[in-house]
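Heads up, there are several structures right after this.
Both complexes below contain subunit A, partnered by subunit B and then by subunit C.
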Partner chain A sequence: MRALDPTVLVWLALAAVLIFLVVNPLLRLVLTSFQAADTHAFTVANYIEAYSRPRYIEALRNSLMLGAAVSALTLLFAVPMAWAISRTDMPGKHLIRLGAFGAFVTPPYLGAIGWILLAGPNAGWLNRAWMGLTGAEHGLFDIYSFPGLTFIIAIYSFPYVFIFTSAALEVVSSEMEDAASILGAGVLRTTWKVTLPMVMPAILGGVIVTFLEAIALFGSPALIALPARFNVVTTQLWQFFSYPVKVEVAAAYAMPLLGITVALFWLQSRITRRKGYVALTGKGGARRPIRLGAWRWAMLGYCLLIVSMSVLLPYLALSQAAFARAWGQGVSLANFSLDNFHFILFEHRTAQQSVINSFVYAAWAACLAIGLALAIAYIVTRELLPFAKLLGFVAMAPFVIPGIVLAIGFYAAYAPPPLALYDTAAILVLAFTTRFLPIAYANAAAAMRSFNPEMEEAVRILGGTRLTAIRRVVAPLLKRSLVGAWLLVFIPATRELSAAIFLYGPNTRTMSVMLFDLSEEGNFEHLAALGLLLLVGTVAIVALGYRVIGRDFMVRGGS
Partner chain B sequence: MRRTTFGLLAIALLGMTATPARAGLDALAAAASKEGEVTWYVSQTDSATADAAAHAFTGLYPAIKVNVVRTTTGIAYQRLTQDLRENSPHCDVFSTTDLGQYATLKQHGALAAYAPENARGLSPEFQNFDPDGTYYPTYAGMVVIAYNTKKLTADQAPKSWRALADPMWKGKLSLGHPAFSGYVGNWVVELKKLYGWDYFERLARNDPLVSRSIIDTVTVLNSGERVVAVSPSPSALESIDKGNPLAVIYPEEGAILMIAPSAVLASAPHPNAGRLFLEFLLGPAYAEVTVKSRGESLRPDVPALPGFTSFRQVKTVHLPVKDVLDGIPTVTEQWRDTFGG
Partner chain C sequence: MAKLTLDGISRRFGDAVAVDDFTLALEAGEFVSLLGPSGCGKTTTLRMIAGFITPSAGTIEMDGRVLSSPSLSVPPESRRMSMIFQSYAIWPNMTVAQNVGFGLQVRKLPAAEIRRKVDEILDVVRMGELGGRYPAELSGGQQQRVALARAIVIQPEVLLLDEPLSNLDANLREEMRYEIRRLHDAFKITTVYVTHDQAEAMVTSDRIAVMNRGRIEQVDTPFAIYNRPRTRFVAGFIGRTNFLEGTRAGDEIGFAGFAVKAALFPDAPAGGGRVVLAVRPQAIGLARRPPDDANRGWWIEGTVTQRAYLGEVWDYTVAPAGSALTLRVSTPPSVAVEVGEPVWLEIDPAHVALIPS
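This part shows the complex of A and B:
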């Protein structure tokens, strides 16, 4: 009576949930792209409209160029930093790690605001300093440009490549490097020809993730690209959602984005599957830091430069604006004011509500994602059923769907009746859960694989049920990884913008949407205050996480 | 005895005739208080003014909470039409700056026909704004040229819309975007009528900084990022009040006069609170808030603050509804093609 086996029921329940969260929105997206707006008849008109104006094609081209440029710049930032920390005797590693973590925690659009304050072509602080020092008429940096946008995205994307690369470099033993140096190669040559190629899959994996993130980002492009007067795919999709809403055309327009991400993800899995990069052998393999001599200060300087560009300078600019009456008037006692915080916390009701919304929805999404991921991971790793692997595959599928495309799919599938989830917290929580399910699942699967099933089997042999085994053995062992995985979903969920911007309603605004709205009036003082609150809240929660599970969860838990 | 009776009767009669409107509003206020809240989609003022208005309203009617949803005109309309499309009404009172939106909404029967008591107190220019009585003017301002006085003297500043297209202003201009801002939409339609689309091609070559809201142009000037802007007079004048180095020019061709309406939605979840709020928007308490934010005073009994230039004192241009209705969507597409975003 296999059908009554509770495991099959659980499998069916999980499959139903995954279909609801992942398969149906995607299907509805594809279907909607072929539907006429009013009659729902089959048509290819949406595709024709989506690719008719040169402006729309130009946006796609811009996105691809942006992805490539960001990937290149990110490599430049992340790889030397990862190498310096993992394999050399550079001082101040803890500080740099903290800086990379700060870059990870910062929402990119908040960093973009900070950089608008720093590098607005005439009023930005850096430019004012330049004009003051050299007497020039114009500033040196213009953040409202394609290079400006590339820079902004890269300084907040480099943590991904950094984590992937440093995780891989940490386990490479020094034998190969020793062999190279015995044969007469210098440090640079060894690194370039021996060390880095060994971690090429990790680097490429990170680069592909960066590319996918860059083309799917909404916040920074919306803030920078509009004044810079060019369009990218995400801002163009947003335009299709302005009046009159053209969901069908948006769906058609989103297809290439989906196609590109699927192709790249396939490419990445092909690359990382190759087994020729074994660095972890069973024999010995000490890891000795390379001595850089005086060069270690140069490396530290480089790393500090990156950290200050991504964290120190923007935070300084944001703090100045948050405590100022009018940010353009500089730092002075006359310009100092706590009014912005007072306004945000006590007077602007929408802002208060958005803060609560963000943290509540993110917490719910994290709980749901982890719960779902654990159940699926348990079934998959314990191989309880055939077709269990299919569940795992579907759980990872949202990774290839850009957040904005997922949001459109959710909107098409669940906003109208019968479910009518428009302007409910539910649609946001579900979209976040789906969006971050892959991270939760990857962590849960890794955690499940990390310990031997023997212990559960011991429980079963001694007469306990599977449930007892899970409750008494698995759960306590997983506690630490769970908290880490929970935080890895919670943090990005609090600042998620590209899905929220399509799914929010008047009552379910999140902080990210609120920040974006505040930027529309140019009200940087209030914006900075709210942004700082978001950062402080996130850091507080992460600090709590640190205390629970120890230092390493951010640096190593990513993959 | 008879004199006393006559006296009492006279007083009673006076009492009854003096406050018939109050009696009507009291009934409405009672019904509205039972509903307990009102949702206001507003784009015609900035956030601070909208919050001040909400504060004033709750001061008068403590039992009613005001949900202020302040966005740009384009976003507000997108939200509203999305709500209506999904059959999920939220908005009770809709206050934007694009008359074309109201014409379309009226056409689809989305607006409630209501004759507010307080509409009688409006100045003559603002009476009979909509012959069908579905929307009423609640805010008025002008689109003008503003400039940073630290970087330009009064002589150097441009005096006409035409002058803005001059290459000498390359890299110095700040504009809004017609897809988001009703003020900018009206301005673009009017200038296209005056000078043709070529004017905007030349303007694009001047590399302006394009923001979403027209209000942002004032903050761009305040920070010194740009020198000259096409700004709304209320925001610019308010900024000057705060001590920022700005000045306003009423262009030779005419400042664009914006009369922004408000309407109660037919599908309003809180219909009585919505009507009461509309009454409030047409009444003296809101007029005080408006005037302090340097908008025009729509009521003769609420005077403007000193040092205010009213639209009656300068040359203005006011677009008819039809021009706005057809014009703004067209110019928005043209703008996107020309300005690239």
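This part shows the complex of A and C:
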């Protein structure tokens, strides 16, 4: 009976796809790290090479320090902002939320380019303003430095801590604080001793995500650390990939990154599983905003400062450069030009192709990821087969694999023969599919769970088959949330850099890779124009998404 | 020949036994309720009839044809049944008319006939004007009516209902009980109705199967289930009951602090056997004066220890003299006695159920 069941065949097919996308690349990553490049014989030489030179060890140390420094800085940015928005009567909350959302959707490398224009040594706008005001010889800021790199990563990763913290703060009942106030504690003391400790698990969760994001990031370190002549793990990995490609050494060198990520995500799930103390109160009790008096303007000023640093200033700088003949000439009619866009779209040898590639690959990856995720989620939530949960677990696994590590695994598994996918669209599309499969799966599973199985059973008892049920009821009802999930995969896939940079070939550059290439040429006007195109494309798609399915598909924008 | 036969069916989930050796036969056009507390296996039984679950043992037959056995299971879509779900399972992407017409469409009836049948059945459930609405625009009661219409319009061989009223508010629930029975009287569809609400079962059913821990305790008419419970569980689950546990000694059955002549209970086991009597609170009379002839019938002297006025009745707790037992008694509003007053209870043996032990 069971062996003939077609669902078993579906299960086997899905398992095969997941092995291809997730299990095999990881396996090959580990295997490759123990193989000699030419003979494929077992060796530990790769590890010796990866960890024998002081500068490789230093890159590791730099990454850890970077992660720690970025985490500390995001705390400083995000926690006061989250508190002000969730708990106080600070004005302009909507604007600040919008700004945080803007920081969240900005590709970090694009922000980094903006900040090179703002705080490049001497030539940056802020430095020129400083020199103009004070008559100093040199600018105040140098973005090409460790603190500079820390700053521009933090300014784009603080939304993680912000989202975690404000979500937790919003369920802390005012009665908790009233209980402290009635015993004589003031606002500051109450906040410090009662409110913040209650949301500590959420803050920690956000910090862990930020730390992992910072150490796995490739774009910003490549733009900042390389010119500043220091390395982090990701830029070092990339150097192992420059000619001659040492994929075995890279695999060995990627292991700490993978290990740290898996361990910290495990820790994070432990922390959040304890639920903190917040869940005990649930939604009980009203939440009244704390009155800040005149301080609310100071608070607003602080939040505005952060939001302008992450969104307003870099975008101004980018726009100015994109429409300028020479960005250093400032804003004037004489300096205004559309040549940069014309150059990118029609003159440059590969830029136009890269724009098309980005959107086409992202669309393919989104379709594949959603299709696969939906099939797995259906089998898992309907418990059609034993071991169905295993499929769900594997589908979520890429969540704890840094994109750059996944890319090395893909390269090791599918670049050489027999598949020889190097310089094909397929390897990029498949890597993107894998990388964003967890987003797709989490959304598909949530949609399936919210869907009462009785809806399907009603079809069947009235004489429809399972396929009729899927076609007439399941598909139409899930359409909305699936479009949302599709966009949630599509958008990050259009700007993916850390996997693409390892897998692209001469004919398969994406926009993000193109941006990186142009940055090496040092032509910031072209760079800014391409960056704005990426941004405009994304905004247009988000707007379309809002129109099609309402505004709730990406985090809770506004309130 | 029975329309639907469940013969010794069992279902295990791992080590847990959800349904244990369940046997029941329904006549054509009969309405049977499966009544029991949550987790008693009634929904599992219903879902086995529907074909969503395969029994671990036993067979289910309809019109003499095997539908389910451990080795064979006709899929739900081929059973010619229909079912009403706890959540109603009205498809929100279809209008009322599309929902109701779905089963007919699957059966490939001509469009005109579908439209005619849908209009007819919507009139029957008093939803005639609302065919073009979407489910989100309907109240809970209206959704319930759509679910009924959708299930009945295909004239199923067997209609299954899984706690269909549990999501409605109390008034609507009472109205829909009668509605379900009215529709059954109109269409005479063989029906299995799962509920944990005894009033629902008693209003709607020809027979009630009371279930406990996966087994059938008793199958009987509502009247017999209430007045002649055959197990302690049935007596306790259906309505409120006083249990009196005693031992037969010679001519008398002795309880803690009082006794009764055994002759009043000819069915009581002879010679030293344990006897359990179930007495409904409203089957006990309450008097402030001693009876003229205490030897006629069964009288117990006691004291009121607690009372509550419930509007339709008084609810008294009476402690028989010299006994640690308490008895619940309900009386009409006119019989008002203060706490602490001595009273005499009269129990009519004809209204006492003897529970076999």
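The rule is simple: the second predicted complex is superposed on the first by the 540 of 559 C-alpha atoms of A that agree within 3 Å, B and C clash if a C-alpha of one lies under 4 Å from a C-alpha of the other, contacts with A are read in each partner's own complex, and residues count from 1 in each chain.
Please note the rule applied: a contact is a pair of C-beta atoms (placed from the backbone, for glycine too) under 8 Å apart; a residue touches a chain by one contact, two chains touch by 3 or more.
Keep in mind it's a predicted model, so treat the numbers as computed, not measured.
**Q** In the superposed arrangement, does A:L226 touch subunit B (first), subunit C (second), both or neither?
**A** In the superposition, A:L226 touches subunit B alone.
**Q** Could you look at A:S52 and tell me whether it touches subunit B, subunit C, both or neither (first, second, both, neither)?
**A** Neither: A:S52 stays clear of subunit B and subunit C.
**Q** Tell me which partner A:S269 touches in the superposition: subunit B (first), subunit C (second), both or neither.
**A** neither
**Q** According to the stated criteria, A:G464 is in contact with first (subunit B), second (subunit C), both, or neither; which is it?
**A** It touches subunit C, and subunit B stays clear.
**Q** Applying the touch criterion given at the start, work out whether A:N452 contacts subunit B, subunit C, both or neither, answering first, second, both or neither.
**A** second
**Q** Contacts for A:Y144 in the overlay, against subunit B (first) and subunit C (second): which applies, first, second, both or neither?
**A** After superposition on chain A, A:Y144 lies in contact with subunit B alone.
**Q** Is A:P476 in contact with subunit B, with subunit C, with both, or with neither (first, second, both, neither)?
**A** second
**Q** Subunit A residues in contact: does subunit B have more, or subunit C?
**A** Of the two chains, more subunit A residues are contacted by B.
**Q** Which subunit A residues lie in the overlap of the subunit B contact set and the subunit C contact set?
**A** Common to the two interfaces on subunit A: nothing.
**Q** Using the touch rule from the top, collect the residues of subunit C that touch subunit A in their complex.
**A** Per the touch definition, subunit C meets subunit A at residues 50-52, 71, 75-83, 85-87, 89, 91-93, 102-103, 106-107, 150-151, 154, 160.
**Q** Residues of subunit B touching subunit A in their complex?
**A** 39, 41, 46-47, 51, 67-72, 74-75, 77-79, 81-83, 85-88, 90-91, 171, 177, 179-180, 209-213, 215-220, 222-226, 242, 244, 336-337, 339-341
**Q** So in the complex, which bits of subunit A are touching subunit C?
**A** Within the complex, subunit A contacts subunit C at residues 1, 452, 454-455, 457-465, 468, 472-473, 476-477.
**Q** Within the complex, which stretch of subunit A touches subunit B?
**A** 53, 55, 120-124, 138, 144, 225-231, 235, 239, 241-245, 326-328, 347-350, 415-417, 420, 422-423, 505-507, 517-518, 520-524
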